[in-house]
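In the two assemblies presented below, chain A is common to both, partnered first by chain B and then by chain C.
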Partner chain A sequence: MEARNDMTLRCEHVSKEYGGKRVLDDVTLEIEPGRIYGLIGRNGAGKTTLLSILTAQNPASSGTVTLGGQQVWENQKMLDHLCFSRELNPQNAFGNASYKVKEYLRMAAAYYPNWDKAYAERLIGLFGLDVKKRIAKLSKGMLSMVTIIVALASRADITILDEPVAGLDIVSRERFYQLLIEDYTETGRTFIVSTHIIEEAANVFEKVIILHEGRLKLVEDTVGLVARFWAVSGREDEVDAACAGLDVHHVDRMGRGKTAYVSTEPGGDIRRCTDGHAVDIAPLSLQKLFVALCGDETAEGETK
Partner chain B sequence: MNLNLSDEKSIYLQIGESIENDILRGILLEEERVPSTNELARAYSINPATAAKGINLLVEQGILYKKRGIGMFVASGAKQQIIAKRKNSFYDSFIVSLVEEARSLSISEDELVEMIRRAREEKK
Partner chain C sequence: MRDSLLRNLRCQGHTALLSAGGVLITVLALCLFSALTAPVDAIAQTVGQNFVVYIPVSCMLWSMGISLNFYAVCAPNYLSLGSTRGGIFVVQQLIKVLFCGLGCAVMFGSLKLFGGPQEALGGTALLAFGSLLLLDGAGELAGLLAYRYGKWAMLLYGLVIFVICLFAGGVFGIFAASSQVEDNLAARLLQWAAGLPAAGIAGLAVAGSAVLAAVTWIFFRRTAVKS
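On to the complex of A and B.
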């Protein structure tokens, strides 16, 4: 494997339009090697589009994607370092729905230069997956397992999983995150994982990328991000006074009471603002701060 | 080690506290190696960087120390140090909020002292 300091994936001013509709708007993002990133955003935020552009499965309308300074688009040398394990669709898994699981894995083995066959077999056993089944006949959970096996066994330097746990029950989801951490502690490769099920994944992500309505809302260290978001509640006037110097993202009202969902600057101290006011402060989880940040606009339809 | 982490508190603080608790309860002895960052990450299914943050917190306080190439160890005197530290924060984290709550319920000082005495008796 090449030196990992060459493995920075850069996406600069990337925009994407589908028939006049802008689904990604000027996204600039740097994926540092050797970290696990979580990508979160609402339905239609542009997550899958961004991931497919990062891995050159989909051309950007404008902007560039580079790996270690080299263009990724139509550059097999760079693509060899990337794995984008998409959600499988039993109706049309890239037209592969009629293949058996083992045939699909054999194709993955041929495509990914670092494919680890023994690891793939261990994972198949762990998930209890029947490889003789056709993709079209798999349940949602089994489809997710195939996606996960391809991603992990690819041993690609930068491995991207799009909604890997969507079809899995809680036991399999926990097992997936265990496997991910296990592999990561052994290989130190880069992962980007998109998910809607935020809470259980929050401790796995070193960094969080929040995408909202096609724009990059933030990329931040998870621990630092969570540490600066708070719910401030109390009587309305007290809450307003306490939150005067803070960014207020969302407000809930009930009678004379009010809860403001706020953030400080990175490294800021919430108590410096709220001390001396009769308010309660409570920390926010990643899921709650995500809802406070991205929940206010009306929901959009899925644009996948 | 207690594997039930809550959402209330930063995970790295909980990692630090759970190592401290293990030292207080004699599960980890002084001059003994503590689990590595990667071992902690796998045990809790958390990012190793987060686990490292929890460990480093204890290194900064002198509760753990690093042996190059071998790992992290419990410092001698760590147990006493943790007790002293927790006694110091006992006032801020328990007594102040106890007194505040008592005041908002109009519990007098005598009543409060009596309650503490009673709780101590019952726990004997």
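On to the complex of A and C.
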């Protein structure tokens, strides 16, 4: 894999307001080259807004975005390294809905300097896409396919996909993840994938970015993140005693039983806290971890 | 920068060529209409005379729609594919001037080639050029305002244009009425207009277009691509 050390994408203290409402609040983030990032967050968390600011498609209200130390805004040289393949909206009266698929791909080929035409054609065949159809007439799944083709065939150093698997059936989703891994293995380029289907994509993400209510909740290696989150369940008093000193993010109660979703420090051992208490411990999946961190605000969330 | 401009020129130029094709089809359709409605023994003469007028008329019919459509539909698409706003804007201004200039050059050349009223030919061509640019500029700003702020902004913009035209019409009317050359107001208006310096009016129109382009840039430079 070829290293791209000068392609670090940084946003520093980025905020975005719409009519007095702050949708992104002081987000500072560094995207290292040659990794696959997963960007997850609830609806309205600010994921698409953040991605559009990173790629200069939306001006930030404050803060800066740089790539390799150079400003991205209105800088074609830097923008040539980026591809933001966003969700297409066929009902949008303004934009690309009036184009045919082949016209849209032709435009993409003109704008992305590393466009791989052969690869695009291979993907069109693989997905069985009718390129003569208008984007406005495509189903949700086909729209996702167009998004994926543009992203993968762009061969941009930093490629961002916003909800690429929305509307795809399970077979197509598996195909997408396979293509992503193949592309990454072959080119070593950076991917940022925003998705709501966390469990499937968890195996693909090297690093996870969690955005919650416009703020950056965490950025961490997926393996390390999952390794420090646990579900501790048992009788309420035993669980409370076992979780003393741990960060408790979410609690579920059932009768006299209780399940606490907790995290340790990186490298920490949960058993040091739970040994000697009559509790069961189980690792959390990325999806459950996300729900514990960003789930129902009315549920108990104790931090000790 | 050069690569970026060439890239934009390729995509935006493709759209402009399609628009030019639309103008050509409109001219041919108008010529056909003219031929079908002209006296049988004067078809060629009628079509030849009207052809010269059809060019700027077709350009005018299309130009405002094209420029309105550009910022509402095309420009956001180019932005979503990674172009800069500056690159899009510069190329579009270039295409606008070329489009209007070409239309007037064809009109000018047709008059020279096929004959017709030659007096004040240069002034007429300049006036057509200035008017086309002004219309294009108005269409650009309308399209951008519609994209950014929605239909109410576009309606407000239309209302402002209407008020400006009312005011301008009133001013012209007062000058024409005060000329006291003829009893007929229309005749006074024509005589007064004929006495105006065409180049000066064209210059005002071009200046107006430049102001509209500057305002368009002020709004466009921070425009976001919508989901």
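In the analysis below, the second predicted complex is superposed on the first by the 292 of 304 C-alpha atoms of A that agree within 3 Å, B and C clash if a C-alpha of one lies under 4 Å from a C-alpha of the other, contacts with A are read in each partner's own complex, and residues count from 1 in each chain.
Criterion: a contact is a pair of C-beta atoms (placed from the backbone, for glycine too) under 8 Å apart; a residue touches a chain by one contact, two chains touch by 3 or more.
Note that the structure is a prediction, hence the values are computed from the model and not measured.
Engineer: Mind checking chain B and chain C on superposed chain A, clash or fit?
Structural biologist: Because the two structures are overlaid on the shared chain, the partners are seen to fit without clashing.
Engineer: With the two complexes superposed on chain A, say which partner A:V223 touches: chain B (first), chain C (second), both, or neither.
Structural biologist: Only chain B is touched by A:V223; chain C is not.
Engineer: So in the superposed three-chain picture, is A:Q57 touching just chain B, just chain C, both, or none of them (first/second/both/neither)?
Structural biologist: second
Engineer: After the superposition on chain A, what is the angle at the C-alpha centre of chain A formed with the C-alpha centres of chain B and chain C, rounded to the nearest 10 degrees?
Structural biologist: 150
Engineer: Examine A:S98 and indicate which partner it touches, taking first as chain B and second as chain C; both and neither are also allowed.
Structural biologist: A:S98 sits against chain C, while chain B stays out of touch.
Engineer: Which one hits more chain A residues, chain B or chain C?
Structural biologist: Larger number of chain A residues touched: C.
Engineer: In the superposed arrangement, which partner chain does A:N89 touch: chain B (first), chain C (second), both, or neither?
Structural biologist: Touch partner of A:N89: chain C, not chain B.
Engineer: Which of the two partners, first being chain B and second being chain C, lies in contact with A:Y119: first, second, both, or neither?
Structural biologist: neither
Engineer: Would you sort A:Y111 into first (chain B), second (chain C), both or neither based on which partner it touches?
Structural biologist: second
Engineer: Once the two complexes are aligned on their shared chain, state how close chain B comes to chain C by Cα atoms, in whole Å.
Structural biologist: 27
Engineer: Considering the complex alone, what residue numbers of chain A touch chain B?
Structural biologist: Residues 35-36, 174, 177-178, 181-182, 184-185, 199, 203-206, 222-223, 226-227, 283, 285 of chain A touch chain B in their complex.
Engineer: In their shared complex, at which residues does chain B touch chain A?
Structural biologist: Of all residues in chain B, those touching chain A are 5, 7-12, 38, 41-42, 44-50, 53.
Engineer: What residues on chain C touch chain A, complex-wise?
Structural biologist: Listed in rising order, the residues are 1, 3-4, 7, 10-11, 72-73, 76-87, 147, 222, 224-227.
Engineer: Name, in rising order, each residue of chain A that touches chain C in their complex.
Structural biologist: It comes out as residues 48, 52, 55-59, 74-76, 79-80, 82-84, 86-87, 89, 92, 94-96, 98-99, 104, 107-108, 110-113.
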